[in-house]
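Multiple structures follow.
Look for chain A in each of the two complexes below; its partner is chain B in the first and chain C in the second.
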Partner chain A sequence: MSTATLPSPRPGTLKRFVERYPFLPALVIAFVLLALNGLYQPRSISFTGITGLTKTYLALMMLAIAQTYVVYAGDIDLSAGAIVSLVNVVIVVMMEKMGGTGFSVIAALVVGLLTGLACGIVNGVVVAALRLQAIVATFATSIFFTGLALYVMPVAGTPAPATFWRTYGGRFFEIPFVYFAVVLLAVVLYVLARTRLATQLLAVGDDAQAAFQSGLPVTRIRIQGYALCGLFAALAAFCITGDTASGDPLVGGKMTLFSVAAVVLGGSALSGGFGTVVGSVIGALIIGLINSLVFFVGTPSEWQNLVQGLAILVALMAGVLVGRRARA
Partner chain B sequence: MSKIELRGVSKAYGATLALRRGDLSIDAGEVHVLIGSNGSGKSTLCKILAGSVRPDGGEILIDGKPVTITGPRSARDHGIGIFYQELSLAGHRTVAENICLPDLPATRAGFVDRAALDARAARYIALFEAVAGEGFAAETAVENLRADQRQLVEIMKALATEAPVIIFDEPTSALDRAQVDRFFDILRDLKAQGRSIIFISHRMDEIFAIGDRVTVIRDGETVGTENISETNPSAVIRMMVGGQDELAAGNSAPPAAASTARVPVLTAKGLSGKGFANVGFEVAKGEILGFGGLHGQGQSSVLRAIFGVNPIAAGEIVLDGKPFAAGSPREAIRRGCAYVSGDRGRDGVISGRPILENVTPIHYLRQKLKLARPSALAERVKPALEALHTKFGGLSHPINSLSGGNQQKIVIARWLIDRPDVLLLDDPTKGIDLSAKADLFALIRKLAADGMGIVLYSSEDAELLNNADRILVFNGGSVRRELTGADRTRYNLYQAAYEAA
Partner chain C sequence: MTATTQAVAAPAPSPVLAFLKRPLVVALILIAALLVLGEILSPGFASAQQILRLLIVAALLGIVAAGQNLVILGGREGIDLSVGGVISLSAIIAGNVMNGADSAILPAVLACMAAGAFIGLINGMGVTLLRIPPLVMTLGMLGVLQGLLVVVRNGIPSGFAAPGLSRFVTQPFLLGLPGIIWLWVAIGLLMAFMLTRTVYGHRIYAIGSNEQAAYMAGVPVKAMRISLFMLSGVFAAITGICLLGYSGSSFANVGEQYMLASIIAVVFGGTPLSGGKGGYTGTMAGALLLVILQGILTTVHIDESGRQMVFGATLLLLMLFYGRGRAMRG
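Then we have the complex of A and B:
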């Protein structure tokens, strides 16, 4: 690097770099994990392997993004996974009832987005307007949303129409569909990062009182954060429906805390005010890579959870250490 | 006609009346100074005007028309901008973003207009370019700035509102001379544009350098308004003091300690550390030494440093004739030093735990108790609580069930089971009711009479004047003046506290 040859005009170049791009440590960890995956299973880093990984973990990436917007403002959404379940069963039931045509898919997706949005707004109103504790309030709404999902589809297993999952798993112009989704996602994230809302959410997360005194409509901003979270949770549900090709009223539940972990792995502060969505995407990728690595290494099935948990802890610690060293 | 007029505005927080009757009249094109001692209601008045506090009563007129200010946004719409004393910055955001935060420039599509944002911020950054100091740039995150630089950002943010009326609530407390001079030049420009400035400062020289008129607030009430050109610092101080210059009866007698032989229990020489420099004093057995002056002039820092919370950079302390340098509160407690803070939530109360547990931690530490029987402990605890007239349901009730005053009594009671030699009181009556205060000071005087050495810092001047045998007035981190005997008057206290640092 050129900075090494200069007589170090600013001692904190690396520090400024990490401050600017807080997801760098996560990116390093993701590459290390990718290399390890390749070491144990060369095929896993082939084009097909990466495509499969993306296909499986795109849902978690979406949910991590969803979680990031509420964490920006210092809030948290423990119902994100339940929203995924609800949207999943709503769209599957709707597509099935309407006969699984192309039109029914589009209509179901629109209804799915609206469902996610509605759930997000409910969360936002409960937390920001009624001023209940975010952790407990969204835990409560998660139970409520799960209840709705069970009402819509009491038993898992209704298949999604082939039109839907064939598109998700298929190819266009020889390029897998998921990559189109990733590119579209990147554009959406780029656009969202430039909205006033992103800056306002971060300002609220930094110091809600200061933001209020500055004249920001704090309640409205927080509700908008939750609404955005609901929308991305719906997108996560689309991905998971495409991946599993069926409806399951409990499919998203265990994803909630993974999404929180992904946000933290990505370098965002749970206290709010600081973070990036790109980091959260990488964080979700790290979790995916850990899961596949545990599998490829050949861990006996009864040890897989334990090793997974340890690996996530190690990744967290590595991220903290790298970040701290770079910032010191 | 006045630009802004406040008539009989009032605000109460629970039982505490923060502002009894605030009257204020601001003309266009003037710098109007607000002055008053700690807790007199200046900041409350400003926050009401800025919309971050809702008034309970009174009326606000802008350009002669009555208005209701419903929130900070509505205040901006009415043309009022404010610099908050405690700052209103987002630490992780950049300087430029903070300056424009209240009104982020947006493109038609709703995106942040970076070019417009940078251009707008650059205008205000340029105003302070020469004095902002190293590392100050539009893209720096505010959390990486020094205290004075943050204050400059808050000033820029207030200026960026371009409001016809701008309130500055102690904008200069961290600034150096050059920065203040530059700021005053800018204020004079604003004035020339016909804008109105409300300016709060505790530095008398600044007030006379920049102000056109001065309004004095005392105990939540507007006392009067004078033209700066027709008054002088001592007249202003007399307005702040009012008619309450007499000492409480029975206390004007020479302190007991002076008559008997003075036995110093705590001596400090040349103490320096973060927030204070070269502080020296001596407390004798049975003496109450007062620390006075404006808020945050180093009084708390000295007490916390002695108690081992913060490090001491230089100087020495002697406790009971032996050198004393506590590295931690634990060590200080073992040596017989006690500390009670006004910030109960942070330093005192063990929230959510029973009263018994809240009274006994010091007892555990000093007696090195390993196991305890609640019934035996309760016996030891009772006299301490009774001495303070503490009202409580039962020892097993959680401490949060008590009022603020009674919570503070519990915190103080924990020091009474094993008596310390020295008691450091750091604004102990903050936010507690009058009767609890009276109980507290009765106890403090009794403890002194029993031979304890007490250092009392209070932000309420009456408490100091009525209880302390001697008062050291702090200003800018060091002791400006010592008041003894008949010199202990409110006038002298204010004069030493408000004179130019």
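Then we have the complex of A and C:
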């Protein structure tokens, strides 16, 4: 209230900068965490250490991106983790059935992408076309997808063929594969950010009624957002399969809430209409860096989860507060 | 949305249809239908003893859903994702404080309720004073509580229920019904009274439907919202205590399954997540509906995978009966 009475000065350079790049606060937090990691364990910021971190958290980054596109439109997807589980078991079973050859890997990846896409469209239809409340409806679909995953693979443990995980963990021209994946991802995100869909999703999230009245097909746009979410969830599943080298029908369950946290950490508004995918990627990275820092600091093992939880809560609060200040 | 378009768009619905479309009526009809279905699929499903068991399980869910209901009614995207963590924590606190002694039940109950209220206080302060969205705040709190559970579990044994508490939850107490069902009925009556007859209750609907107007009318919006989160914590703590009595000893993350179940019970009871309308009577029916559905699925002999698929699909189907969003109109 007190600020309203003050003469409002021209917004500072920093403020305008944050307004334009809402993920900046997250980036600063990420760098501080990275420095702290390096302070406590110098090897963690070596090339090998960073590669390992990327390899482990690329899946969460992908899922955070997936979640961002639905959050753009003011929706939420609580089934994202279940889609990861389903795609994980589908591709592992398929690669195993087809003998684990190079061709089988490619065929399985195509089927995996289609599975993710189908799940996303189901979510979109349920939430946007049938107009059910996103939180409860995607929770219901997550139960359904988990059931499907359990049908495809009742118990965890089927290994992924060596061709697959050796590629994911391997090197090409002395450069680890994950960096190629990251560069490719960056290109895809750059292109997506310039498509009409990204703008339309933000418009719907900002004010669905206004978007509708200006002639946007709101229902179709929201379904497309969920479809995009399904595709990126499938990519997350590929990463997690490369990392764990096996199938597990429950592998993604825990990731859903982390993906939501990563989106908020990245400065996007859950109410929709405002956000960046880059922020969500950094948000996922922050979660990864917090987890490794808590470990490197030498926290007793039973306290690690608590400290991680507290650190993420504080970071979430900071993300929301800074993000709002930037938009105000 | 002018008066003329409204008059054209909405012809007066027949009173019978309007009655049948009320969420509570829908839920009760569905409950009856599911009981018949259960009895057909597996004879004995709707026997008095089975129904009693379902009622106990429904009471556990219904009590935590009462708090969830209040937070959701309060609007501004109110939701409490931390209830599962509070339930688990409460079960372990109760188990350790009473440790099998009837004389320690009262201090255990007080300790759990204080813990629940405290967690709710933090949630409420984050939501109101720092204006963190409830989903984010309670999600972060859930992470903290899950970490806290690991610490607590490594430090102390899980403890076990006092015989008096177990009797309260599982053995007949009055008119053949165990104490927990009477507790649930009492909570139901209190909630109904509070929501319809007290200033506090009216204020909940006021801040849920139009926070700005409520603020102008002198409702202490922030204090109200904090109190709702505290009540949610207390109700979750009570469910945690009863859950300990139901299972005898607490085990890892007993409360986890209640997080989204409590939200679904509220939605099935006719309270939309947008808040401001609905009530607890419907939620009680919603909790019962959810528990009976799960009961049927456990009795029928199908794989876990099939069970989950049917459960998920049925939930979606049932949601179609309840407050669907409004279609976009130019």
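As a working rule, the second predicted complex is superposed on the first by the 308 of 328 C-alpha atoms of A that agree within 3 Å, B and C clash if a C-alpha of one lies under 4 Å from a C-alpha of the other, contacts with A are read in each partner's own complex, and residues count from 1 in each chain.
Here is the rule we use: contacts are C-beta pairs under 8 Å (C-beta built on N, C-alpha and C of every residue); 3 or more make two chains touch, one makes a residue touch a chain.
Treat the numbers as computed from the prediction; the structure is a model and nothing was measured.
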Inquiry  = Taking chain A as the common reference, can chain B and chain C both be placed on it without clashing, or not? Answer clash or fit.
reply    = clash
Task = Look at A:T219 in the shared chain and tell me whether it touches chain B only, chain C only, both, or neither; answer first, second, both or neither.
result = second
Key: Comparing the two partners chain B and chain C, which touches a greater set of residues in chain A   = C
Request  = Examine A:W303 and indicate which partner it touches, taking first as chain B and second as chain C; both and neither are also allowed.
outcome  = second
Request  = Look at A:I175 in the shared chain and tell me whether it touches chain B only, chain C only, both, or neither; answer first, second, both or neither.
outcome  = neither
Query = Is A:Q200 in contact with chain B, with chain C, with both, or with neither (first, second, both, neither)?
reply = first
Task = Tell me which partner A:V136 touches in the superposition: chain B (first), chain C (second), both or neither.
result = second
Ask   = So, A:E19: does it touch chain B (first), chain C (second), both, or neither?
value = first
Request  = Applying the touch criterion given at the start, work out whether A:F274 contacts chain B, chain C, both or neither, answering first, second, both or neither.
outcome  = first
Query = Out of 9-17, 207-215 or 315-323, where does chain B run into chain C after the fit?
reply = 9-17
Note = The intersection of the chain A residues contacting chain B with those contacting chain C is 209, 212-213
Query = chain A touches which residues of chain B in the complex?
reply = 50-52, 71-73, 75-76, 82, 84, 87-93, 97, 101-104, 106, 110-112, 114, 141, 157
Inquiry  = Quick check on the complex: what are the chain A residues that touch chain B?
reply    = 19, 191, 194-196, 199-200, 202-203, 206-207, 209-217, 273-274
Contact set on chain C toward chain A in their complex = 77, 79, 81, 126, 130-133, 135-137, 139-148, 150-151, 154-155, 260, 263-264, 267, 272-273, 303-313, 315-316, 319-320, 323-330
Request  = Within their complex, state which residues of chain A touch chain C.
outcome  = 76, 78, 126, 130-133, 135-137, 139-151, 154, 208-209, 212-213, 218-219, 257, 260-261, 264, 270-271, 302-310, 312-313, 316-317, 320-321, 324
